[in-house]
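Here it is, the structure in full.
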């Protein structure tokens, strides 16, 4: 067990190095690389340029620059933003909680709703409910999420005027009572969370259904039934525990998609999260910020997968006691 | 006095247990310890042992699918690993436990058989016409008592007995001198077992095969084999 | 033939037809502005209305089909070829090669693909060729991992061992005996991948990093849809529908192929 | 037989609907048999004979969306002090279940609702499956899986009592160190050990009937007899009736009282074990006995049964002709025209026209 853990940690570290290499290389060899950018920019004075060149060692060869950058990354120093000279880390950490809130809520919804739909349609296989959800799930899988976001904004925000369509707080948030504050935030969260969990949910429901049907055909289910165990218990206690194991990994793997989707609809909803920050950074070609966001998102995903891995080992005795 | 066709000398085999990360060995699990025996021409040798005793590994070593850690296997006096691939194919063939898994589920039977028959001619360096191949195929189908209808089918469409026969045909068509049977009967019904045993005996007569017959069933081994060795925990107990 | 396949084939053939004969089908020039007819709602004259510069949305959408389909197909072809070959090599040879390829896959899978694409695209001149290549080069890891997993188990199967014993060559074993057993999921992933590549392309265009105005793309029509969200719903609805139906079509095709090519499930 | 009747199956048939072919497959036909208290019977048949279908049918475990049953499976509960049983039965016990003359209650299993069925399963009738490696849930501890069957059928039982009972059961099936086995997961045990655990689960509530579906097929030859003698010994000590299902006729010789030979879904011969072994009547039984491998037959050619099973979707054949017709070495012209009944000869029953009176 401990060996396994150590093993995973080493892998984690190697993968992290890989992530930094890719982030660095992608940005520094692509056609609009930082140096060119700075040459073109007129807003930056000559002195400032010199200062930046020195600071980032832009006159040094690639691998040395990478090494220096990596050393600073380990100390969580991503430099300062080109745009307003604020430290990158500070800018990110301002936005991170909102993104984490959004993603954890979405993950939770994906997990609970996806599993429920999947199990129910497996239990009532080929009945009306199953057929309906299969179609809905299939369409949900294909729908462009940002379009869905716009449609929802039109319907719920503009036509019906039920939900706010942008930001995380209303303008008068400061003056609301405590409960009102929470309610306000919740109202702002409904649309972004619903949209961001939508396709993940569809995918998971589809997976759970298939894998549940497979498990329900296993011999051990028959044996459990022959013991006089109630059907409900057989489904939720016996079969679902077996389905749950791969679901953990799937949730871990769906993290990058979730965060990646954030770049679009955080922008659409003007949601103050990292996705929007990233989009703005990319549009402004704010290299330190882009590299910072890239590294941190990937590292967060990595961490998520790592946790999924550990949970996997924990819930699957076949791995735990090898 | 018959010649020894196969000699196994002091074969030891262990499986390394790898760490998942850098592919470094952590520990070893020994599956075969100092196995030594020999096999005469046109005889059937039974290898008897409970599941997990290493008998399948032994079969794989003799068939060159795996390498022994130490010791050597001589076929007609020469180390098996010194034979080129193609020569060896005509010497030793292995019939696996589950006839279904011997047949590629995505390829039809006719294709599989044709591929092997062509391979046979290729190994013997003869160029052949399609008609010769087809003649050979129908000849072989007759040997294993199968109707030509199976050629158009896919493995999942065959019955248990048919699959077994097709699997045998596939190893047969290279005319090996030694045929290793790895638990070929354990998945079959009693009446099919009888059919297969008779069939193996016929083949032995007809083609002068030698057999290595791997099984956990003492009854079967004693019925079919001329010689028996027992293996337990990777070691030979008795001969 | 199953239902899903039929629906998929119908939708996809209509799309291909539209893309090939866009010039003949579209009633207006997609780039021609008509400032007197700005933001007209759908009518018989302009089936899907007009945009903020008075261009006919229907015609623009027809021409977008070309962009989307070609991006989808070429990008996914690149990804599929890379993914399948790396997966086959990694799984069949194992050892150090496998280790290196799989680490690379792990690392790639940690990045939100969309962010990676966004990052690269933002530094390049926006053009559909760049988009094709970038989408292709970033979306192979999932497939590679899958193929490798399959090969890993298939190469130990007894039919492969027995083919090896018969002295058949490595390439024959790899391509005749192993590949057919992984090809179905590859084909299915191919079709699914086209759908998601089209989604990615439209999202990029939506963000202004894909097809550049005045050239039409479903994504950039949606951008103006978002800007005029309060007054011109048709600018949001129709292009989104087009993307949706296209993706549904390719997904149906994938599902249909999966059922068709798995004889056991019939 | 003097002892009490436990199970009675009359005119039982099972058909599966095969959707792609739009046909019915008649897996079992004309099944009639009785099972008495503490009796041990065996069903012998090769693959495709419908033996597993029969086992599953008794506990209603066949996939119910494609299965149709005909005929009756009557179960006579024997447990007198089973309180839940009484409670529950009182709900459904009406005249049709209670017989004044014999003062016995009986139920047709196929008419029971889910709740009563669950009560019977694992408590009155339990089952052991063929492949020990797939029979247990891979992610639950062995102990939990045994506790489950106890908890299902004993209300008001404390955790400690359950634990003690599990340990007792584990030692009864001769597993060493039951406390350690309790905490293990199935993949940590060997095939033989898991089969013992399955036996413990099946016998936990001392059922009236134990159905053992090929309990030894997946095990090594040396283990087969150990497991079977353990099974029959335990069954004997609880006065449980045993239905042993197997494809290996030689295996049952020393363990059961009565043997039914099943071929292509029909009982073609039945009799006391020694009758079947020393005087098989049906041509199929004879062939089956003679073609089994035995070291004493070394060097001899084994007799074989030519051809394969008939098509069980072909109603014209299976209901009109002798089911063994196409493979029978002793067939004559009359066989083509008439379907045989079960003919009784000195208590032994055989379905072959050769024995028609």
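A, B, C and D are the chain letters, set down in written order, and residue numbers restart from 1 in every chain.
One rule holds in what follows: contacts are C-beta pairs under 8 Å (C-beta built on N, C-alpha and C of every residue); 3 or more make two chains touch, one makes a residue touch a chain.
All values reported here derive from a predicted model rather than from experimental measurement.
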Could you tell me the least number of steps, going only between chains that touch, from chain B to chain D? 1
May I ask which two chains are joined by the most contacting C-beta pairs? A-C
I'd like the Å distance between the centres of chain A and chain D, where a centre is the mean of that chain's Cα atoms. 53
Cα centroid separation, chain A vs chain C, in Å, comes to 22
Chain C and chain D have mean C-alpha positions lying a whole-number Å distance apart equal to 55
Listing for chain D: what residues touch at least two other chains? none
Return the residues of chain B touching two or more other chains; collapse runs of consecutive numbers into ranges. none
Using the touch rule from the top of the page, what residues of chain C touch 2 or more other chains? none
Which residues, counting only chain D, touch chain B once they are in their complex? 46-47, 191, 220-223, 247-249, 287-288, 291-295, 297-298, 301-305, 308
In the complex, chain B touches chain C at residues 22-23, 63-65, 85-86, 88-89, 92-94, 96-98, 101-107, 115-116, 119, 123, 154, 156, 170-171, 174
Given the complex, residues on chain A that touch chain D span 218-220, 222-231, 238, 241-242, 245, 315-318, 321
Mind pulling up the chain B residues that touch chain D in the complex? 50-51, 159-161, 189-195, 197-198, 201, 216-220, 222-223
Inside the complex, what are the residues of chain C that reach chain B? 95-96, 99, 157-168, 176-177, 180-181, 263-264
